[in-house]
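Here subunit A shows up in two complexes: once beside subunit B, once beside subunit C.
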Partner chain A sequence: MAQVISIDPVTRIEGHLRIDVEVSNGVVTDAWSSGTMFRGYEMLIQGKHPWDAQQVMERICGVCPLVHGTAASYNLDSAMGVKLPNNARLIRNLALGANYIQSHILHFYHLVALDYVDVTAVLKYSGTDPALKLLQANIAVLAKNNDLYPFLPRYASPDYIGEPGGPGDANLATELVGHYVQAFEMRKKAQEMLTIFYGRMPSFVGTIPGGVTTPPTLTNIAAFRSRLHDLQAWIADVYVADVKAVATMPAYSAFIKAGDSGGNFMAYGGFDQNQAGTDKYFPSGIIENYNLTPSAFNNQQITESVKYSWYNDSTEGLKPAVGKTEPQVTKSGAYSFLKAPRYNGKPMEVGPLARQLIKKDPVFMALATAIGVLTPPVKFGIIPRIGARAVEALLVSLEMDKWLDQLTLGIGSDIWDPKGKQIPNSSNGMGLVEGPRGALGHWITISGGKTGNYQAVVPTTWNGSPRDKSGVRGPIENSLIGIPVPDVNNPINVVRCVRSFDPCIACAVHIIHPENNSVKEFRVV
Partner chain B sequence: MTGKMVTRRQFLKHAGATAALLGLSEAMIPQLAKALEQLSTSGKPPIIWIQGQNCTGCSVSFLNSNYPGVAEVVLDKLSVRYHPNVMGGTGQTAVQAINDTVAAAKAGKGIYVLVVEGPIPLSENGDYCTFGLNDTKKKNLDGTSVQVPADKTVHEWMQELVPGAAAVIANGNCASFGGIPAANAGVTGATKVSDIVAQIDPKKPMVNVGGCPSHPDWFLGTALQALIALKVLPGGKPLDLNSNLMSKTFFGQLIHENCERRAAFDAGLFLEDWNDQNPDMKLCMFKQGCKGPVTYADCPTRRWNSAVNWCVGANAPCHGCASPQFYKDLSPLYQPLPNVNFAGISPSTDVLGWVAAGATAVGIGAHYLYKQLGSKPEEAEGGEK
Partner chain C sequence: MYVSTVALGACGGCEASLLAAGEPLVSLLSEHDIGFSSLLVDRRSITPSDVVLMSGCVRNAEELRLAEEVARTSRKIVAVGTCAVYGGVAGLRRLEIERSQDEDVLPRVFAEARPLDQVMSVEMYVPGCPPPTGILFETVKALMEGVQPLRHDATVCSECDRRVARRGPARAVSSSSGPASGEGVCLLNESLLCLGPVTRGGCNASCPSVGTVCSGCRGPSDAVLSSQLHSLYSDMVSCVARTTGARRDKVAAQVEGMLDVVYTYTACDPVAMFKVRGKVPRG
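Our next item is the complex of A and B:
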């Protein structure tokens, strides 16, 4: 008999997420994704000075304030008709790049690695590395005190078998746990690099409408570059190598194809390579139904469905520029405070995998080919999604050296267009960027010199969306179909799949009332 | 290489450095040394860290802790029983970690400190923020009756977790004062943690850590001070709090008093154009809306992200994110604080620096500014040294 298993909280993501899956004969046959928290950021800046939008909207998420603050800046630039100086363009690229590095390192080591290696295997470490032996001794003390929090309790995977090179290989697991500890320092270093230009993280202050606040100097370029080079080396030698080790473990070979979201991908395009913004490091594009020749992206094709979301039905199908956020927690049939954005009526996966496929980066395509991703039937599962993130961290970090080289110093090297201070009485703006988690858009309407309407459509709204008005599932929901759940009391494969999208829920809410089809029994796991 | 792991024997040596970096006074060093030693030899004090209407910024800021680093904190200092972003467990195994800790405390086997990030929404029975599931309840769907797991509101969690907690720490401005979500309180009923705690148990030890986000030193330092005050760690020195329940160690001085650009303010040299790189002096951010004159925090001396920089250091105004008035009452963020009456003079901001310097009365000026913002005078005084 079909059972629905309910997983809440889904941890090691940002925010409040509940996942319900229907399991029949050991595999997932249906899924519901519910954001369970709402604050109403878009509502609270209405009527305020437009400059406040950048500072308030970046606080929509403490994990990705950089990308929200950046999208808000481009949005305000566009509303005020700013011509962004070259140095400002480069510094915004550098800051966003630094944020990719910290976000991707954090995601692999601190959010997902614990799903793929057995942390308790450290107790059986037999190698000779003094630092790892010290780590083992530390963890042994915790184990003796019966205090292995926050690592235990957990759902242990039946994959944690001790064969060499496998998830339970004690020496390999210990190295990975050692890198988990190092990764705290590395992502912190990426945050420090960012604050050289932006003041502090999270909640930075370095972008304003019209440009940036800190001019490049010989000193701050050197401080930035020394950290960047440390990070490039660590990403290449440790991060990419660790992802490769996990991705090629025979125990996880099924995850190369399992976890496919449905073959639709979208990128808005990101990292301007020229002042006009016509050339971007990540091109924009749309992939539909696995056709890997992308078509052109047109922002007018974006609409938001709210049929299954806790918002007033009168806001159904609106374009973001005129979108509304009217919560209605008592709405029957709804189960999430995430809206369901669609492109040309279709759900779209966004993020590193979408970007790499649309860019067709040769490094990524070669790796994907090597592990069989492109062998028919073509499917883009959990492993390529995690792998795309590691490849992207390395490639963006290398591109950042070029942006540093292009900075100009001294008189005439502007960082700000004073037009950013001239607030029009009425205007519209749009800011589209590629954040670590994918395509992000902010839209503003200025009226009477104040913020009128403000809407944000965030990457996790695309990926984690509920069903739309046609009943079509969102990408995360769809990717769960077919995920093996041999034991309904252990949902680890379900959360492995959900976490591969790096969900960040801070922009939503919830309450669930799954449709009552043939489902008769719920199990809370 | 595993980062900044240290052996137990090194703790005493490190205690002095840690105290200095956390901004604790010299007098606290022996206590802190004892406390750190105890943390490593006996059990680590358990914390349960839950999230209300948060953005996870204070958790990310905690990950930026420079010294002690976060790996050291988690492995050697605190027993982090529940933290949704770092814990191994998920779903019921995550909830079990909370339940086991609460049950142990109830049975007299150890304590726990409750850390709350984000405010608690009360509208619509608290449905604007939930995590975990209550026991299954009967609900009617499409006319049939089935067992459906009901979402558990963060307000229900507070009612369950506050009574057994040794103390409650509201981490960050949103938890402490409502912050940004409270600017929209009309919709969600976002309520600061201390109000919820007062309803449940008015005598519960309660401390606020301001900041949007909180600085990792502010959080860790306050937590350590609280554990010492509770005698969980040796010493028993009571917490020295201002009237906003914030530690005076971190929130005792005006940003303006210690600002590295104070000389520019006194000289009336204000930044007007971000392309203007004054060769002689870094310009004052007052005219771009700096809230440093009304914000009590040690940012100018502590700085952020391993002391690499801070907001004013990046040619940006302080937005007053550690102030109880943030965000709503400090908006517009990029407009100068309202004009101030100094002894009958109503100067424009152009001469404010001159007046303030001439009167050598920045403290008084700050009080005037506070009044202009409509806050209670005792709040301003409570924030002072």
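Our next item is the complex of A and C:
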């Protein structure tokens, strides 16, 4: 008999996500992803000065304010007809790149890794590394008090087997937990890089309509580069190596294919390589139904369905440029505050995996081939999603060196186009960027010199979307179908799958969801 | 000692700022225990905690219920971040949203964002959007060690390296945005509405240092908070008039047109209208 499991909230993600899955004969047969937060940021800035958009909209999310602030800047640039100076383009690239690094490190080590190794195996560590022995001693104290937070995953996994190179390998587990601690320091370096040009993080300043506010100098370039080189080395030697170790564990071989979202991928394209923005480091593109030859992306094909979302039905099927945010919480059948964005009517997975499949970077493709992702039947599961993120952190960090080299110094080194100060009486803007989690778009309508309408369609709206008007599931919902749940009391594979998308519900909208009456409930506050 | 983090109507930025403390934070926490923290740990329920870092405003019935439950079971509540202290950007606008039929499933949304101290007693305030990592970490550390955290009572201007020109051009203030000229002079002299003079410092003037105006995210300074004679608006007007040499009545009319900007973070807090002497932040 089918049982419904609710996981509410899913922890170790940003924001408040609720997942319901129906389990029959040990596998997931249906799934519902609900964003249960409503914050109404798009409504907050209606009628305000358009410049406020950058500062207010970046506060949608404290973990990725940078992408929202950057998208808002590009959005206003486009509304004002700004020609972005070269240095401004490079500094925005560098800051966004630094944000990729901090976000990807945080995701793997602090939000995901603990689902894949047995932390209790650390107690059996037999190596001689003094730092790791100290860590072992600390964990032993916690274990004695029967209190392994924050290290113990909520669901212990039955696949924590102790064979060498497996999830329960004591030395491997200890190293990984050691890297969990190191990762805090590495992330800090990436945040420091951001503050060099953008003053502070989170809630940065320093990018404004028309460009940026800090010119490059020898000092700030050197400060940036020294941290960048430390990070490049750590990402290559530690992060990518750890991901490879987990990805090749026989215990997780099923996850190479399991967790596939349905074969549709999308990238808006990101990191301008020329001033006109026509050449991008991450190309835009669309992959439909596993056809790995991408077709061209056309922003006019984006619409948002609200049939299963708590928004007024009159806003069904609108394009984001004319989108409306009209909450209607009395609507029956609805189950999410996320709308269901569709491209050409289809759900699209966005994020590092989508970007790598569209770019076909040789480093990623070689790795994907080596672990068997591309052997038929071609499916892109949990492991490729996590792997793409690690490869991307490395590749972007290497590309950042080139952007630093291209900065020009001295008086007259342009960082701002004065057009950014001329608010048109009426205009439309669009800012499309690739954030760490995927394709992010902001749209503005300026009327009477004020913000008339503002819409943001965020990566987690794409990935975590509910069903659309045709009843087609969103990517996360679809990826859960077929995920093995041998014991309904232990849905670890469900959270592994959900976390592989790095969902960020804070970006969506905000109401916290309380208890419910499902068959099984896992509640963590 | 158990320390916990709770995010109500928040974006997660305050937690992200704390995490950026890096290794020292890990060391500190290894000597204590994490109670609950949905970003970091998988604990199943709210555990009684000695110190709770509560971020975000109260915007709906569920956040109110959660806040009250935590307040009942915990010893010290620290309001972390400008949303918790003053309501923050969520208070920019009233949101009129109908009530759902089943408020267990979808809690009622309040029209106004509420700062924490409107619904519970708060031990300490650490404002900032988000609070600077250093201040947040030092405050947590002090609390864990049972000592009083440092107070940051100076203004942003007092920490800013930009120099005030003897007398700036008598231009009007234009708005909150725009880059500095790069000459290192006070942004008010450049006719940019920088809220540094009326804003609590402790951030090392991180925004003016990269050529951007202070948007007032740490909330009003002690001087503004502690007397009925002061307000963000009137103090800004005086400062702009004095610094730029423009006529006070002209400046007053201009700043009045930019009140959204002056009260970006405090629009829903009574402090913006009536000074509350007790609400002088620590940290």
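In this section, the second predicted complex is superposed on the first by the 503 of 525 C-alpha atoms of A that agree within 3 Å, B and C clash if a C-alpha of one lies under 4 Å from a C-alpha of the other, contacts with A are read in each partner's own complex, and residues count from 1 in each chain.
Following the convention adopted for this analysis, a contact is a pair of C-beta atoms (placed from the backbone, for glycine too) under 8 Å apart; a residue touches a chain by one contact, two chains touch by 3 or more.
Treat the numbers as computed from the prediction; the structure is a model and nothing was measured.
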Combined model on subunit A: subunit C and subunit B, fit or clash: clash
Which of subunit B and subunit C A:329 touches, first, second, both or neither: both
Subunit B versus subunit C as contact partner of A:491, first or second or both or neither: first
Between subunit B and subunit C, more extensive residue contact with subunit A: B
Touched partner set for A:202, first subunit B, second subunit C, both or neither: both
Touched partner set for A:119, first subunit B, second subunit C, both or neither: first
First, second, both or neither for A:6, with subunit B first and subunit C second: first
First, second, both or neither for A:56, with subunit B first and subunit C second: both
Contact residues of subunit A, present in both the subunit B and the subunit C interface: 9, 11-12, 14-16, 36, 38-40, 43-44, 48-49, 51-52, 55-56, 59-63, 65, 106, 110, 138, 147, 149-150, 152-154, 181, 184-185, 187-188, 191, 195, 197-203, 205-206, 208, 210-215, 327, 329-330, 415-416, 506, 510-516, 522, 524-525
Contact set on subunit A toward subunit B in their complex: 6-16, 18, 36-41, 43-44, 48-49, 51-52, 55-56, 59-63, 65, 106, 110-111, 114, 119, 131-132, 134-135, 138-139, 142, 145, 147, 149-155, 178, 181-182, 184-185, 187-188, 191-192, 195-206, 208, 210-215, 223, 327, 329-330, 414-416, 418, 491, 495, 506, 509-516, 519-522, 524-525
Contact set on subunit A toward subunit C in their complex: 9, 11-12, 14-16, 36, 38-40, 43-46, 48-49, 51-52, 54-56, 59-63, 65, 106, 110, 138, 147, 149-150, 152-154, 181, 184-185, 187-188, 191, 195, 197-203, 205-206, 208-215, 310, 327-330, 415-416, 420-421, 506, 510-516, 522-525
Residues of subunit B defined as touching subunit A within the complex: 1-5, 7, 43-44, 46, 51, 53-61, 63-64, 66, 69-71, 74-76, 79-97, 121, 124, 127-133, 136, 139, 141-142, 144, 146-149, 151, 180-181, 183-184, 187-188, 190, 212-213, 273-275, 277, 304-306, 308-317, 319, 321, 327, 331-335
Subunit C to subunit A touching residues, read off their complex: 6, 8-17, 19-23, 25-26, 30, 33-34, 36-46, 59-60, 62-63, 65-66, 88-90, 92-93, 95, 97-101, 104-107, 109, 129-130, 132, 174-180, 182, 203, 206-207, 209-212, 215, 217, 258, 260-261, 264
